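In what follows, chain A forms one complex with chain B and a second complex with chain C.
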Partner chain A sequence: MSDRFLNLGGLAMVAVLVLIVQAPATGQTQRTPWGDPDLQGVYTYETATPMERPEQLGDKEFYTEAEIAEMKAELDEQNAARRAARATISRILDPRVPKTGVTNRTSLIIDPPNGRLPPLTPEAQQLQDERKAERASRNISRVGDGGTVTDDLVYNSWLDLSDYRRCIARVIPRHWALYNHGIQILQTPGYVVIHYESMHDARIIPLDGRPALDASIRQWNGSSRGHWEGTTLVVHMTNKTDKQTWHSWGTANAIEGNTLLPVGNMEFVERLTRIDENAIEYQVTVNDPTTWTAPWTYVMPWRGGDESGDEYKGPEDLFEYACHEGNYRFMENTLKGSRRMLELD
Partner chain B sequence: MRTKRLLVLVAGVGSLLLLTVLPTWAHHAFSAEFDFTKPVQLEGTITKVELINPHSWFTIEVEADDGTTEIWEIEAGAPNSLFRRGFTRDSLPVGTKVTVRGYRAKSGEMRANGGNITASDGFTIFLGGSNPDNQ
Partner chain C sequence: MRNPPGNLLIVIVASVLVAVAPAAAQDAPYTAPRLVGTENPDLNGIWQALNTANWDLRPHAAAPSAFPILLGAFGAVPPGQSVIEGNEIPYQPWAAEKQRENFEGRFTRPLDLVTNETTGDPETKCYLPGVPRATYLPFPFQVFQTPGQILIAYEYASAIRQIHVGREPPSPNKSWMGWSIGHWEGDTLVVDVTDQMGQSWLDRAGNFYSEAVHVVERYTPISPDHLMYEATIEDPNVFTRPWTIRMPLYRRIEANAELMEFKCIEFVEDFMWGHFIEDSND
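On to the complex of A and B.
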């Protein structure tokens, strides 16, 4: 395995990779019958591109075609091995086998130019450190069967579990998912609806210039207001709740999660532009001076039709995801498991 | 070695898996619920199929060596995910004899996170979910 692969931070482990084509806007702008740019369709936001660029790549924004070819060859080799190892799998499509290829963008983040998140503010860093310390204090090590030492987080309450896993809400804007990563855009005169398969969230975004909700009103999915700038839909999202943290499984009180940065002060400017008949370019600028020392921007494609990797060609490919439906077992397993681990400690 | 229920306790498997970067995207943290130092292989008969969110569950009856019947519950991926792999409600009907590989619940109960499930006719499907073999 080459250093480049290692540097991609686990790219080879990504379940499904989607080819991202740097497609320029071409041809006539598609319009709705009432004259708005037409963004409607079913898409997937799945991507193999990491949010942050490996540091050693510096300001290198894209891989060359030769580098892409080399990576694809390595992936093909690995996948052949995986198929061989999974010889018992039959009559199914193994979802872990990349269907197409790899991206030529080195990171989703395009600003700052190094493709990496800006430094945290001192206050946010302190908060992050405190929560990581809390998490560490909940960790116990045990020697499992076979002499293997494992670490276990101890969950004392359902409140130790994140909103993500409790099926309460998942952060919008979305930027990655293994499954249920379908999106449908619907338009009517005066509104755009973005429907997310995961959690079956539907954002109904007014375009009439009305103000955002009062600042005292906080919602899991915030308040979204849209307008057109040329053929681009621009959506300002505010009024998020501090019960949720960016961009992880975390809630404000949960001990789990990658980052534990409350989203309440975060403001998002989303820009959606059709780049070809099957794809939307989705660009998001994140701004929160209480969390990061500078705004930052990421961009990713939402791909549909044949380029979606066979999964999201039309509305019939979106399924209801009723997350709460059977989630009690997960809670039982986690809390009972922690009690058992404490007994063994 | 037990013929009907085989608990595979392989030294080194856990440490190998520890080297795997557990992802942040799985719905449920595998390690919060299941013990990857306790891989299991179960042979039994399907008695219930629950294609529910966020993860599906298969219930199987396993005959232990002492003749008693054990009821195991096996966690699988979301119905959406299984469907996209070609699984339908008719793929593994009640009564199907199956072999399941997975990892036992930390609680010690007869629950496991499923990896592969194989029917007696050879039909095999990867159950997905938060199983570390999904990496």
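On to the complex of A and C.
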């Protein structure tokens, strides 16, 4: 009996803690005039937190305050140096290291608990190996003066380039960006629209309970349907196209390497919750049993206002991302250059 | 029966009202529902022009496609009356000549390699369409109207425009869709569009403007499912005077209406880049 009593006491304690923890998030819900939770604003999804946790950190989910202070100081120093070195380069291309977005998380991935992507299925692993091998077969190494080795990829066609470089699309959900990481959310009765500056995409999310597009229709940005769960906007995204691969810049800040896996079977559940006046918590669960052996989840802040750094404070800070219109010389040089490399090889 | 004169009076009054009401309804301007929480009309919705302005703003008869041997009747030009007030575009003489050149060269490969300027109809290259052409391309667009900020998403090429309302942030630079500042005149949304790139065309007939263009758009609700759209185009480099186009926009009323993707870049890559990987010297 006493054990049970203690357990109940424990449960009650947990309940109280949960209430205390949640209170700031739900205490002052901003609402639209028609009563929906208000997520509107301009935000950035820039982050300094890597998608996957460094393996040596094991199950350590958070850095300590002291560790964070040290990292921030280091970041400021790096930024100052980079900015000084790039003083003559466009500000837009400058912030290679994010000025904001430092959280105490050790990884964006929160599930699995080790903060790392689940293993690939055997089929996905095989496909990835084949695609990596194909890519490697297009690599030309040259030894230059002083013995430096330069690796260049041959692009036989525009189809060897990512949809990003072809200016068609970028994988949504977005999780990191070198630049143009501004987002604008607007709401009208029955809709939430997320305007991504990069690729000038307006992601229109109907809230009226309509079914997803017919399964035969595949789109770069899929089909999105939303509903409210309390103050959280829950979006189901399906109908993605296999023409798109789950790509990223191969940096520590993004998923390791270019996995080149098609996104067509991937389904996403995104949860957007306002956590304070300036920030949205963005949580995404990715599920594709043909690619990964388990679903996985990552979480990141979308920051606005003063928290966004000095770049995306208001709607006028989002500018037109006319990528394709300026892509002629890139394509010409890439494709002609590849032919020339093959001639020289 | 107890009070027949009263009933009779009601019948008479009702008859008069019935007789008067339709006339009054026709004469009175339409008053649109207000955007929740504001005094402005609600322009939210999916809209689409239903005309042939994208082929030619001017009056035009039907015409074959440029490649009838390949396409048959596909791609033929549908006939249409003018959407221009006064039917004529007041070109300066050089510009009238340029329009004819544009039309002749509308399928030219992109970018003049000597002048570094684009040639050919930007629509063939899936370029952002500019304003006002975005409005009457044969694709729907969706208005997201909030009190201070309006976003228009166009199905064609995922084009997007922000309209700043009630504030006038300065344009940071030229852009393909221009910089839009809106204000309300009664129930009309008036949008000043400046700072366009000047490489956009107005239609497939090669009608054009320059980077000096100033477009004033007017969106006025005229029924629950119609907007009247007007655009006044002023460009001292190209025209002798400002001129105006006008057309209704129709609400897409299908229950499942939604913008889908027309990300046309992948449809033009062979056209645009094919010559870079073929055996040729260009």
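By our rule, the second predicted complex is superposed on the first by the 277 of 345 C-alpha atoms of A that agree within 3 Å, B and C clash if a C-alpha of one lies under 4 Å from a C-alpha of the other, contacts with A are read in each partner's own complex, and residues count from 1 in each chain.
To be clear about the criterion, a residue touches a chain if its C-beta (ideal position, glycine included) is under 8 Å from a C-beta of that chain, and two chains touch if they have at least 3 such contacts.
As the structure is a computational prediction, the values presented were derived from the model and not from experiment.
Residue contacts after overlaying the shared chain place A:319 against chain B and chain C alike.
Once the two complexes are overlaid on the shared chain, A:336 sits against chain B and chain C alike.
In the superposed model, A:210 makes contact with chain C only, not with chain B.
In the overlay built on the shared chain, the residue A:167 is in contact with chain B and with chain C.
Look at A:148: by the touch rule set out above, it reaches chain B but stays clear of chain C. In the superposition on chain A, A:179 makes contact with chain B only, not with chain C. Using the contact criterion defined above for the overlaid structures, shared-chain residue A:187 touches chain C, although it does not reach chain B. Once the two complexes are overlaid on chain A, the chain A residues touched by chain B in the first and by chain C in the second are 167, 319-320, 322, 324-325, 332, 336, 339.
Put simply, chain A touches chain B in their complex at residues 10, 13, 15, 86, 88-96, 144-150, 152-153, 155, 161, 164-165, 167, 176-180, 197, 248-249, 256, 258, 311, 319-327, 329-330, 332-334, 336-341.
Contact residues on chain B toward chain A in their complex (touch as defined above): 9-15, 18, 20-21, 23-29, 31-38, 50, 52-57, 73, 75, 77-81, 83-87, 105-109, 111, 116, 118, 122-126, 128, 134-135.
Of all residues in chain A, only 32-34, 40, 156-158, 166-169, 184, 186-189, 191, 193, 195, 199-202, 204, 206, 210, 213, 217, 219-221, 243, 314-316, 318-320, 322, 324-325, 328, 331-332, 335-336, 339 touch chain C in the complex they form.
By the touch criterion given at the top, residues 36-37, 44, 110-111, 125-128, 142, 144-146, 149, 151, 153, 158-160, 162, 164, 169, 172-173, 175-177, 197, 256, 258-261, 263, 265-266, 269, 272-273, 276-277 of chain C touch chain A in their complex.
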